[in-house]
Amino acid sequence: MISKRRKRIGVLTGGGDCPGLNAVIRAIVKTAINIYDYEVMGFLDGYMGLVYNRFTKLSLEDVSGLLDKGGTILGTTDSFDPFNMMVDVNGEKQKKDMSRHIVDNLNMHNIEGLIVIGGINTISTAYKFTQLGIKIIAIPKNIDNDIPGTDSSFGFYSALNTATKALDKLHSTAESHHRVMILEVMGRRAGWVALQAGIAGGADIILIPEIPYDINSVIRKILDRKKSGKNFSIICVSEGCRPKNDAIEDAGEEKGALNTLSNSISAKIAGEIEAITDLETRVTILGYLQRGGDPSVYDRILTTRLGVEAVNMAAQGNYNKMAGITNNQLSPVDLSEVAYKCKNVPVEGELVKIARNMGVGFGD
Amino acid sequence: MISKRRKRIGVLTGGGDCPGLNAVIRAIVKTAINIYDYEVMGFLDGYMGLVYNRFTKLSLEDVSGLLDKGGTILGTTDSFDPFNMMVDVNGEKQKKDMSRHIVDNLNMHNIEGLIVIGGINTISTAYKFTQLGIKIIAIPKNIDNDIPGTDSSFGFYSALNTATKALDKLHSTAESHHRVMILEVMGRRAGWVALQAGIAGGADIILIPEIPYDINSVIRKILDRKKSGKNFSIICVSEGCRPKNDAIEDAGEEKGALNTLSNSISAKIAGEIEAITDLETRVTILGYLQRGGDPSVYDRILTTRLGVEAVNMAAQGNYNKMAGITNNQLSPVDLSEVAYKCKNVPVEGELVKIARNMGVGFGD
Amino acid sequence: MISKRRKRIGVLTGGGDCPGLNAVIRAIVKTAINIYDYEVMGFLDGYMGLVYNRFTKLSLEDVSGLLDKGGTILGTTDSFDPFNMMVDVNGEKQKKDMSRHIVDNLNMHNIEGLIVIGGINTISTAYKFTQLGIKIIAIPKNIDNDIPGTDSSFGFYSALNTATKALDKLHSTAESHHRVMILEVMGRRAGWVALQAGIAGGADIILIPEIPYDINSVIRKILDRKKSGKNFSIICVSEGCRPKNDAIEDAGEEKGALNTLSNSISAKIAGEIEAITDLETRVTILGYLQRGGDPSVYDRILTTRLGVEAVNMAAQGNYNKMAGITNNQLSPVDLSEVAYKCKNVPVEGELVKIARNMGVGFGD
Amino acid sequence: MISKRRKRIGVLTGGGDCPGLNAVIRAIVKTAINIYDYEVMGFLDGYMGLVYNRFTKLSLEDVSGLLDKGGTILGTTDSFDPFNMMVDVNGEKQKKDMSRHIVDNLNMHNIEGLIVIGGINTISTAYKFTQLGIKIIAIPKNIDNDIPGTDSSFGFYSALNTATKALDKLHSTAESHHRVMILEVMGRRAGWVALQAGIAGGADIILIPEIPYDINSVIRKILDRKKSGKNFSIICVSEGCRPKNDAIEDAGEEKGALNTLSNSISAKIAGEIEAITDLETRVTILGYLQRGGDPSVYDRILTTRLGVEAVNMAAQGNYNKMAGITNNQLSPVDLSEVAYKCKNVPVEGELVKIARNMGVGFGD
């Protein structure tokens, strides 16, 4: 039996998984119970758990040992929109707005506030629920780092570790075989992963959505290196990058998935390099390896900070905001400033400049 | 000026790069110089360096610090056959036998014996050179572990580490999203990488060339797991695996390369799973990450053993053999027993059996 | 209620923990249940669980996900001898033989055979129980690799990874500061960890119990390196090594523990080097880091092989043996050949020789 | 011959080594040559190279491949003070002020500005040189993170990775053996490493210099955990921590070295815990492992930012400052605000608070 006296908050994880989800759940539950004596209800598989009323009450025991475990004990759902859910109606697939179910379920459970851990899509959906009267605090999660209102979303630095180590590994093959090695990393519409992994992994060329590339410029850079005695090159490609003059097209969340392997942007680039130069060019698509595994040290601390802050915000009634970190300080930001937006790499920013200083080519 | 008095041996690295090449070069040079006072000439980019007479004299200084460095300081060439080299003859590409150049160059340099570090193709070519009177000692190198006459070729255990850690990472995504996650690993015609990484990484299904699979059996296994409450599955796929009743087709050395991403076997399998079940299925092709990076501890010791042994064999005049390890003992084997052959996974062997004991499905 | 019809086996883990304990428990339980339909009872904290009758029935669910988890879910006890247990008798500490309790408990539970996972001490105790009529199968576990009758005990290769990576790390400090850096590793009376980590980590000097060292020889090696331009040295010291002409004294299991930090052998060696040379010398004692963490790929496969084999042996009634691997083949060995013995590094063996070939000094 | 026309800057690395030194040298040289066409002279072994006029001219080739290499190609010296250098005068050791030699050497080489990479001591010495008219830019380096005027010095996050992974490893032993495991980390007078590694590694108790501990409080926390069913505890101890009411004593740079192993603070704490409780308590002193190895991704980017910024500051004549990062923005700070100071953990700051929220005890 669930007590009626203690204040109750809900929590769910939405969108693609990434390292640190469990760590943030742990921080929320520990703070909520130890500091505020709240009850915490975890809804399963993102908003889907709220539609179908599938949940678990979270205890200190449930979150013990979760700090360094990848994945999410609550499960998650990608590309699920409760305002436009695909449902079977008399054997036919139809879109249906299930938001009312969710509002009703939250009320039924006497959830005072809901902590939503997710990326832009999950937070944008959360913003819509605030307009239905639901009190929400969001925590920015994704490996793409494209969420506005925070220095970095958790998961990003863990993915960066994976991408940088992959570049380290490709170096030896590139040098031994005098090849062009391309690594395609995630990032959707933003180039943060490619840019920072490229800097940290010593890439020679970095291609990001924010700086459309000219294949001739890319090839010129490779040939310049060859002339100066470096007969190999490493290219770090963001899945969302595109050539100049190309029709702009959003990279979907599932760019790394099955059906797009054949027409990946890096395969296209490799083909063009091999067609014009005589250099063997090989592609590696890092894919899901970027989402898995244990959170990095940075992300373990970041998730703990964000989880604590979210519960503090709930305790203060500071709702309808995202728990963000700006200039390394906690700084809640209105959901309206986050929803439906995208934080891109500033093309004249310091990081692009230092990469250029290091001799990196951006294909522009 | 090169002294005429000291005995001189040559060394080259051929075929795809893998972790440990530099470590074996280090062991050869240290033993040759410290123990036997030989000269060591390193030929560049595999047999190509012998065709074009490109080489470097190797000193103790050259190999200092190489033990844990990936790649090969000598460079290597994939799919290069000096007996059938593509050359420009009057602007036209022709195949030409350049073996005479190589024999002449070795004689000109007074190379008594040539240590050839490579996989099956490189060793098979070496075997042909023994028939032209060249004295050769081979060292088995590849990540596929398909070289007969040795327990394991170096590079294999390093690749296994990379593949196993990739499986570890995919687990969290699989569980969080209730997905089927497929990891495609290298191995060419042999399933060693998939089998052992699959066991070490806790794969639920392992598909290898030696056990043709039935897709219905694969799907049955996935659905059985779902029924028992495990709504995710991890499949470790060897690049060379094939369905039952399929025309047999060799997996080329470059299966992971650019032009085969779209028609990889794992993409085909994923499509079939998604078509029949309602489970999201995602593919990751590990590709070149398996070849790069520092050698594992096991490979650092193995390369040192093999490098020392190869020079000892040269000192004993024990030529035209491969330095192998059988049942953990050094045991040279005639090149004739290695060339053109392939060591496959025994389908009734202990490793397959223990995998079955662990509940792994092989799709048969 | 526990069924009376199914055959029942017991399992316990004893001695110091090491990576792979959980993996072997998993392999035992999966094989016992899936293949033979046995019941498996896990006794807690080694033999202590058998004294106090503390146990848990192990299900497939209990061992799910254990493959890559460090530690042991059954708990373990170091330096616990049920034949000489310290007990309070009327407020006084006395030694008491509790073996009868254990025999009685095993009989009461109808345990047909007991699988004992442990090192030399644990296995020696097991051997004594066989003389009381208990049917036992032992699985060799320790990081020291000093158990006879098997190529390697599990845990050893994981510890080797940790020790080798530590040597990799000390290299940069040694070079930057022109220092002598000493790493003390575990191994008790045997030098396996120091020898193989030393080879894999490129140590300049390796000191092991099997080869008593002369400090003057150690210092000569350091000064020779300095003369040849290498103004730093890395020494890998086995905790059990000792100077020539020293009274032989066994290194205890707990050499790395609290009370011996100050009088560690490596501190003594460092002091002697600094007293005679002007080289800054620094000591790192790796200690418990060697026992913790996830099992390496090699150990994950080895533990799976050994766990499966132990249950197969139980099924065949092949008791009072240890499940060992000799020359990479499964080969059970009588407990009498293991108990109270120690497998040392052969001082004229291949590994010592290749280390010498690489220029390593052993202080002899 | 060295050209007289190009502007020339000097660079040296001082103090204890840490990951990222080579990466920052690389960033300096690449920016100085590629962007400004400066000459760069590297002085060897810190200020000692300036005393003895030992240097090397640095080219792009020299810094190629340095990004991920630990250590410093320039060498470094710990505890070396050119204003109080120990020299032999007629066979007697005397302190002598060698600063004039350094000023003369810098002038002789026409060094316009000197980039000094080091910790507090190295930077304080640099500050004294500015008072002799030398133009200096400092780059904050150390693993302790105790340098004021910057969010983090490079090396800190790399050390944090090592310390956190060590805590991860100790968890399995602590749980399996029901022990108290103590990890002693570096940090000198500041608790940054212990605090953040403790949070990231899930320590139960964190002891830092800024919060003097009461051993009874430490023991109470351990026993409270035992009462609640957690019969193990992990303590992360900063080398500089001290009990309440203790005479304050600075932890020296070399706390982890040979002569202090026996009287380390963690050994003292372990003894007190074992004396009062019956819990086995084990100490691991992480020592030099924290300084070695490859820089983390975070440090690779940070070093690149700081190296580029330092050269930009030199180009702008913005001397006698340290290149710092405040709130994630580049922000040069006067050397006078850094020299002889120490940045401590704020005891009421966010990090301590979130640790308390997670249930961590500080022994206060």
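Letters A, B, C and D mark the chains in the order given here, with residues in each chain numbered from 1 onward.
One rule holds in what follows: contacts are C-beta pairs under 8 Å (C-beta built on N, C-alpha and C of every residue); 3 or more make two chains touch, one makes a residue touch a chain.
As the structure is a prediction and not an experimental result, all values here were calculated from the model.
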{"item": "Equivalent interface positions on subunit C and subunit D, same or different at half", "value": "same"}
{"item": "Inter-centroid spacing, subunit D versus subunit B (mean Cα positions, whole Å)", "value": "42"}
{"item": "Subunit C and subunit D: spacing of chain centres that average the CA atoms, whole Å", "value": "35"}
{"item": "Whole-Å separation of chain centres (CA-atom averages), subunit A against subunit D", "value": "32"}
{"item": "Touching two or more other chains - residues of subunit B", "value": "168"}
{"item": "Touch-based graph of the chains, sorted into line, ring, star, complete or other", "value": "ring"}
{"item": "Those chain pairs that satisfy the touch definition", "value": "A-B, A-D, B-C, C-D"}
{"item": "Partner subunit B, residues of subunit C touching it in the complex", "value": "27, 30-31, 34-35, 65, 67-68, 151, 157, 160-161, 164, 168, 196-197, 199-202, 296-298, 300-301, 304-305, 308, 327-330, 350-351, 353-354, 357-359"}
{"item": "Residue ranges of subunit A in contact with subunit B within the complex", "value": "13, 16-17, 19, 21, 45, 69-72, 75-78, 162, 165-166, 168-173, 175-178, 181, 256-258, 261-264, 267, 270-271, 274, 280-285, 287-289, 291-293"}
